[in-house]
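One chain, chain A, appears in both complexes that follow, with chain B as partner in the first and chain C in the second.
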Partner chain A sequence: MTTAVNQAMVEKYKGNFLKEVTDNVEEGNWVKMCMQCGVCSGSCPLGPHWDHPPQELFMMIRANKRDEVLSSTSMWMCTSCYNCVARCPRGLPITHIMHGLAHYGKRMGMKPKNQPTEKFGQMFWDNLIKKGRVNELKLGLGLYFKDGFAEGVKVSMSKQKLGLNMMKAKRMSPMEMLGGHGVSDLSGFHAMLKKAEELEAARVGTNTDAK
Partner chain B sequence: MTAVVATNQTIIVVGGGISGMTAALEAAETGKQVILLEQRPYLGGRVSQLYKYFPKMCHPTCGQEINQRRIKMNHNLTVLTQAEVSNISGDKGDYTVSVTLTPRYVNNNCTACGDCAKAATTEFDDEFNYNLGKRKSVYLPNAMAFPQHYVIDSRIIGTAEADAAKAACKYGAIDLDQQTETLDLKAGAVIFATGWKPYDANKIQAYGYDRFANVITNVEFERLMDPHGPTNGKLLRPSDGKEAKNIAFIQCAGSRDKNHLAHCSRICCMASLKQTNYVQEKFGDDGKSTIYYIDMRAIDRFDDFYQNVQANPNVSFIKSKVAKIDEDKTTGNPVLHGVNTEGYHRYANQHDLVVLATGMEPSVDFKGFPIKILVNDEGFIEHDDSNGGIFAAGVASDALDVNRAVQHATAAALRAVQVVNQVAGA
Partner chain C sequence: MAKHEYSYYPGCSSQKGASSSNLEKSVVTLCEELDIKLNPIPDWNCCGASIGYAGGGELPRMTLSARNLALSEKHHPDQDVVATCAACWLNTREVQERLNHNPTLKAETNIALQSVKLEYKGNKKVRHMVEVLIEDIGYDVLGSKVKKPLEGLKIAGYVGCQTNRPFGIAGESFENPMYLDKMVETLGAEALTKYDKKVACCSGALMFSEPEKGQALVKDIIESAYDSGANMIVTPCPLCQANVEIYQDDINARYKTNFDMPVMYYSQLMDVAFGRSALDAALNGNIIQSKKLREIADK
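Moving on, here comes the complex of A and B:
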């Protein structure tokens, strides 16, 4: 699925993907500072499970591999452990760039299919913006049921004890099922989000991926 | 009391390594009065601790010997060892340099016969070998030490051992009553040739220099090759004394890194390329070297040297900054982890020994200096008119190899000569 904003970006940058990343991806201006030493890739605890480690993604950006980068599952694998940031000899905020690339790919409608981190991220966001507070009960259950009803029941049963203990310790309330708690100025919160979306749309273009 | 004549036409050179010796000699050979101060008990500095130089692969003792001969023949040059600058004040053409002289407890009667050392029993870490071995409490710092006089470690003064050493001397060369002295010396110009120290490898946490015996630094590797060194010139690794035939060199260990030294230390690429020759020299085709690098910086005429090493089938190059090192518990082999930029392949490579190509940092913190001089972000002295009659020579100014340090020292000598000429009204 590609989107109108994606078409517009392809048109605007005409094969200069590095410039596109520099202009639009969070901390993307750092990509050109990479000197390909590889210490990030070697330091990543999930490194062996990525298709393309950070160092390679940076080189692919320079090599104009737009589709391969934006649809990659690699940056979605980042767990924000910050090992790479701590060791990078040039001080690149690699963790932030990974999240920036993931976000940008998703915005361009190029997110990988069935990527659990991406799915959970969207679920978390949708949950959060309803009330301005995360409803952990609904989020947890939503996560259990993400792969269908039968799987959901199975996972819920296996986590039963955990849920009960959390309720006992008053870490979670069953009453959250009925609406749940939220911020005091809910309309103000929603107005703020709307404004942020407008600003983002003015910068990158209308987000057609969200819903 | 040490008598030293110094006027505002004197040039003082601080640091008696290759740069300081060069600057002092070049100035003294133009007829100027020069005082050379050295903190250690001998001249030669870090160059004397090298096994061979690049690119000609000759022994530093040769160049040392030439300089020592020049010093002996020159009556304008006064050498003070175990001398440390404690203060400096004044202006261009009129400086006062306060110098603290710590006693050697051995006078010029010493013939370096070594009888005093035979009487000594206590051993201390051998600084000359980067503490890889031990030396006696009464010792000749190294075989080429200049002045060729023994030294008594101040830690044994007042013990029966010191008295025994004195009793063993047939020449009346041991004077246990020597005291620390302070001299205030006049100078028209001062040259700082204070050189460098290897970057502290313990700070590179992921490489485990502090945890793994078989991870050493490039300066320590030089000492292993020296026939007078801690292993008598055998390439033996520290953990079990096994011959180290499969050696990894890690470039930019602490250099070009925002977390450590931001600058390129410039010598380490050539140093590692040179050290692959050592491995060949010891083991022939059984000796394997692997260089892990970001990019090789064999500048201008050194490219020939680089190409020769590249042509050697026993040396391989992996374009990768090693991410971390751990240790194989059964063999004691360091295991290097990282990703090869050429193909993005992940590796976990075992080697007998890892040599960290640690960089150079200035040995003196000039920022807390008693007199104002311009120092850059890396801690080296910048050449600037506002420094007045104070000049840097060699690595005090930037990370340099021996060749460039000597050129730089000659330039510093000429600058200092111009200052004292002005003072003399010439």
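Moving on, here comes the complex of A and C:
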């Protein structure tokens, strides 16, 4: 389901998707610099699993393939290895642009259905926001149960040995179920993030880049 | 007073009962040996790691690291920020760079930080523990501390991604950084410099969401270590360590392999070489033990 802000963006940019990306996507102002050499695509550890590797996404943005780009599973294949960033001859921060495109597509209500990294990434964010620090035990269990209870029990059983190994090594603690680690100024922490979210939402459609 | 003092950002996985608590313990031991004092940033929070972008926009994510930096500026004004976790280090350093190059983002971050009565200035040096060892301590001093050379260990130095790109260690290349090999040799072990998966990706957080794709990458990382004649992999990165060590049973089942390759932290090797016990080096924190390293520690 696309969002109201999505409709507003479609109307605002009227078929100029490159401008929309430049103005709204994290580091999106770099997209116009791509010279289509393909080093990024060839350097990606999960390259074969992308429907459209970065170089192709950049060309699709210029070609106004808005729906195809924003609903693609491709960006969600990024492992954040920074190989593309280190090798890009034009110096594009490709990793950030991929994260930005994935996040923007989601904000527009166009995220791909049942994309595991999208689901896990959201769980990770919710988990860290709750207490200010990640609760690894709850995150792991949440991941096992992401496809429902029956599937969760099955996955948990298959991971039993791994869990025991980790507990034996004191690298996983059942105590984390009861509260666990967190920041002490939790109300301030939450107010800070709320403010940041408000500020970001208020300037959708404007380019923050100083240049 | 300790000879070297830093504002320390431990990160979520270093906490008690978390997945790299063994890295934390071995680093504490190492710092005792080298007269380093790590002052934890008071009330630090998570950096958002690599996949925070699924839920967090650019500004909320920047604000996470900005809060940590502002806390460090306030409480430890004269100390460099030091992180042991690759993602913590990368995010903190990257956020500082991006905020300092974008006045709009910096101004907005500071508005958000008013909620916690903090101000971000952006004048910190953000460093990895490895940089402290190489630049502030130096290979010569590290070498002079060795009481038990790690003879018989043949080590594939697995640097991974985020300790290496996009920042890396000064003077090292992205494609073939040599510092981990140099550290290994300083400790009296054999560095397998031809190991060809040195800077390959372990799949990072996608190991959780895309286990088949992740395990395929890790299989190559371990296989290549065996092919180079290694009896151990060593890494500076907590997520590399976990991804390469803990799924070896799954990988063996999937690929009919017989992997049983210990994956240690550089800090654990140093602790043992400097004469500290297996307990101090947090060797119990590893699921796959290196018999050779333990023998040296117990000697």
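Going forward, the second predicted complex is superposed on the first by the 204 of 211 C-alpha atoms of A that agree within 3 Å, B and C clash if a C-alpha of one lies under 4 Å from a C-alpha of the other, contacts with A are read in each partner's own complex, and residues count from 1 in each chain.
Following the convention adopted for this analysis, a contact is a pair of C-beta atoms (placed from the backbone, for glycine too) under 8 Å apart; a residue touches a chain by one contact, two chains touch by 3 or more.
Here the structure is a predicted model, which is why all the values come from computation and not from measurement.
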Touching A:G91, do we find chain B (first), chain C (second), both, or neither?
first
Which partner chains sit in contact with A:G179 here, chain B, chain C, both or neither? Use first/second/both/neither.
neither
Applying the touch criterion given at the start, work out whether A:P53 contacts chain B, chain C, both or neither, answering first, second, both or neither.
first
So which one touches more of the residues on chain A, chain B or chain C?
C
According to the stated criteria, A:S41 is in contact with first (chain B), second (chain C), both, or neither; which is it?
first
Overlap of the chain B and chain C footprints on chain A, listed as residue numbers
86-87
Quick check on the complex: what are the chain C residues that touch chain A?
12-13, 15-22, 43-46, 48-60, 62-64, 67, 101-105, 108-109, 111-117, 161-162, 165-166, 174, 200-201, 203-206, 208-210, 213, 217, 246-247, 249-250, 284-287
In the complex, the residues of chain B that touch chain A are 206, 252, 256-260, 294-295, 319-324, 337-341, 344, 346
Enumerate the contact residues on chain A facing chain C in the complex.
26, 45-46, 49, 77, 79-83, 85-87, 93, 95, 99-100, 102-103, 106-107, 116-122, 124-126, 128-129, 132-134, 136, 140, 143, 161-162, 165-166, 168-173, 175-176, 181, 183-185, 188-189, 191-197, 199-200, 208-210
Listed in rising order, chain A residues that touch chain B in their complex are 35-39, 41-43, 47-48, 52-53, 55-56, 86-91
